[in-house]
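The same chain A turns up in both complexes below, where it pairs with chain B and then with chain C.
So, the complex of A and B:
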């Protein structure tokens, strides 16, 4: 796991597509530039959707870590 | 990247089809696409303010097993997904004036998710590509 400081963690496990992505977008909007947000998601769609949105929206994927039955997505708000 | 408008005509009023439409809308809005939705017939009926959260059932092809799988899967209600989509993007939801007349409805009778009512030609003012009918 990364040593980056996580400012906000969102537990979206159990939420189906597109819930985890929508939660992330909400958190990105509320945060300052530089904020690091972690999303925990058990939705398979998040594995493609979150990276696609990050690329489109111009933020930075710090790290993705597979856990048991879910994924940690760690994102930095870049703009 | 294609940034054309996603144009949806919602006709069916069952929860599974409305949920599928809401998910498409949220995905398009997240990816920066404008979404233009026209509500006709049974979909419009499902947007009545006093009925939006009631059980609208699922499409006939679901069968008993499919209906049970849909209920079990849970997740957010389609109206909430649409509300989130409107919060993050440019999503217009318009009631078909013909269907409004058929049901004897006014815009005030509908959930606030619906922006206004318009005729079919006005809907096509914002169409710049294919129209998806659900």
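So, the complex of A and C:
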């Protein structure tokens, strides 16, 4: 697991696509530059949607970690 | 003593729940609806007003005419719920007691969350907004028409897609389509929230020459420069900008400390109880459920809440659960529409748009006032079991 300090964690497990991504976008809107956000998602679509949005929006994917039936996405707001 | 049931909000969900409860419980309950305006809007009709296909009169009725005689209508703004005392405080100083509370207060539009939105864009999420947009479209002589979403979640997810299809048809009829660019700014990496529906929609957009910009979450509008910029760092120029305004839950819900940050009520997805509150239920846009905020959702939730409360009043175990059922029409212009039918377990498998679904939508528009608020629309018509595979 990551050693990065997580400022905000969003448990979007059980939420269908595009809920986890939309929750992340909401958190990025609210957070300061440098904020580290963790999203937990059990939706398969998140594995493509979240990294695609991070790239487009210019933020940093710190880490993705597979867990039992869900994924941890750890993102730093870069701008 | 009859049980006291208070319903906050006289929209689709509140009106139907109140009518069903009064019918089911008779003299065993006193049902009251609290609504700040006492006027009921058929909100799906705003789209047609904006495009000059309908006037505003048929979209608004006095809520009193939609409620059963034995239901009280209290035209007041509810300002705070006190769950432990079992009361709701009203703006003019009164207070109502309840044994069971139904919160069906819907969503509110928060235009000021996006700088420049009020001055620089149009919307069709209110009757006044739709009427202003109709005038702006009449004056439009060609140019760049952008349609986007200024915050999620928002009511009626298909609406921006329907608008681009219908405005494409509108501009063709006016003979100015070749002088116009129509573009959908989607907050996602596809045209619509649900992938299976996007697969039907996007090829039609391409055929019609409707542009699609993905991952465009509106951050700011600059009316003097005529530009809209996104959270993702892009900027687009416009001549006419139509944006779905950001939505939040109602203040009464936030003030009562029942909701999360944006004001959505944490709600059990099956029982529709507000979490941690055994005697408070939520319906429709007011909930935090990960399904469409739409009249259809409220329409299918209201009978579940009414049935559960009726059981509790009678001292029996509630049995009905909400399975996430939603049914939405999606107009694609040129007198065609498709339909999205889904629930928690089954994503929609929308058919190719045709004129039968368009006719069904118009029939529904006309039948709404006499059927939906009263619970007269047969539950299983026209809603076959969805057959879509599970997709993201």
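Convention: the second predicted complex is superposed on the first by the 79 of 79 C-alpha atoms of A that agree within 3 Å, B and C clash if a C-alpha of one lies under 4 Å from a C-alpha of the other, contacts with A are read in each partner's own complex, and residues count from 1 in each chain.
The rule is simple: a residue touches a chain if its C-beta (ideal position, glycine included) is under 8 Å from a C-beta of that chain, and two chains touch if they have at least 3 such contacts.
Small disclaimer: the values here were computed from a predicted structure and weren't measured.
*Asks:* Should A:22 be classified as contacting the first partner (chain B), the second (chain C), both, or neither?
*Replies:* It touches chain B and chain C both.
*Asks:* Now for A:53: first (chain B), second (chain C), both, or neither, which partner does it touch?
*Replies:* In the superposition, A:53 contacts both chain B and chain C.
*Asks:* Counting touched residues of chain A, say whether chain B or chain C comes out ahead.
*Replies:* Chain A has more residues touched by C than by the other partner.
*Asks:* Once chain A of both complexes is superposed, is A:79 in touch with chain B (first), chain C (second), both, or neither?
*Replies:* A:79 sits against chain C, while chain B stays out of touch.
*Asks:* In the superposed arrangement, does A:44 touch chain B (first), chain C (second), both or neither?
*Replies:* second
*Asks:* Would you check which partner chain A:69 touches, where first means chain B only, second means chain C only, and both and neither mean what they say?
*Replies:* neither
*Asks:* So which positions on chain A get touched by both chain B and chain C?
*Replies:* Touching chain B in the first complex and chain C in the second, residues 15-19, 21-22, 25-26, 29, 49, 52-53, 56-57 of chain A appear in both lists.
*Asks:* Taking the touch rule as given, give the residues of chain A at its contact with chain C in the complex, in rising order.
*Replies:* Spelled out, the residues of chain A in touch with chain C are 15-19, 21-22, 25-26, 28-29, 43-46, 49, 52-53, 56-58, 79.
*Asks:* How about chain A: which of its residues touch chain B in the complex?
*Replies:* 15-19, 21-22, 25-26, 29, 49, 52-53, 56-57
*Asks:* Report the residues of chain C in contact with chain A in the complex, numbered from low to high.
*Replies:* Residues in contact with chain A: 152-153, 187-189, 193, 195, 215, 217, 219, 231-233, 262, 290, 347, 391-392.
*Asks:* What residues of chain B sit close enough to touch chain A in their complex?
*Replies:* It is residues 1, 23, 26-27, 30-32, 73-76, 81, 84-85, 87-88 of chain B that touch chain A.
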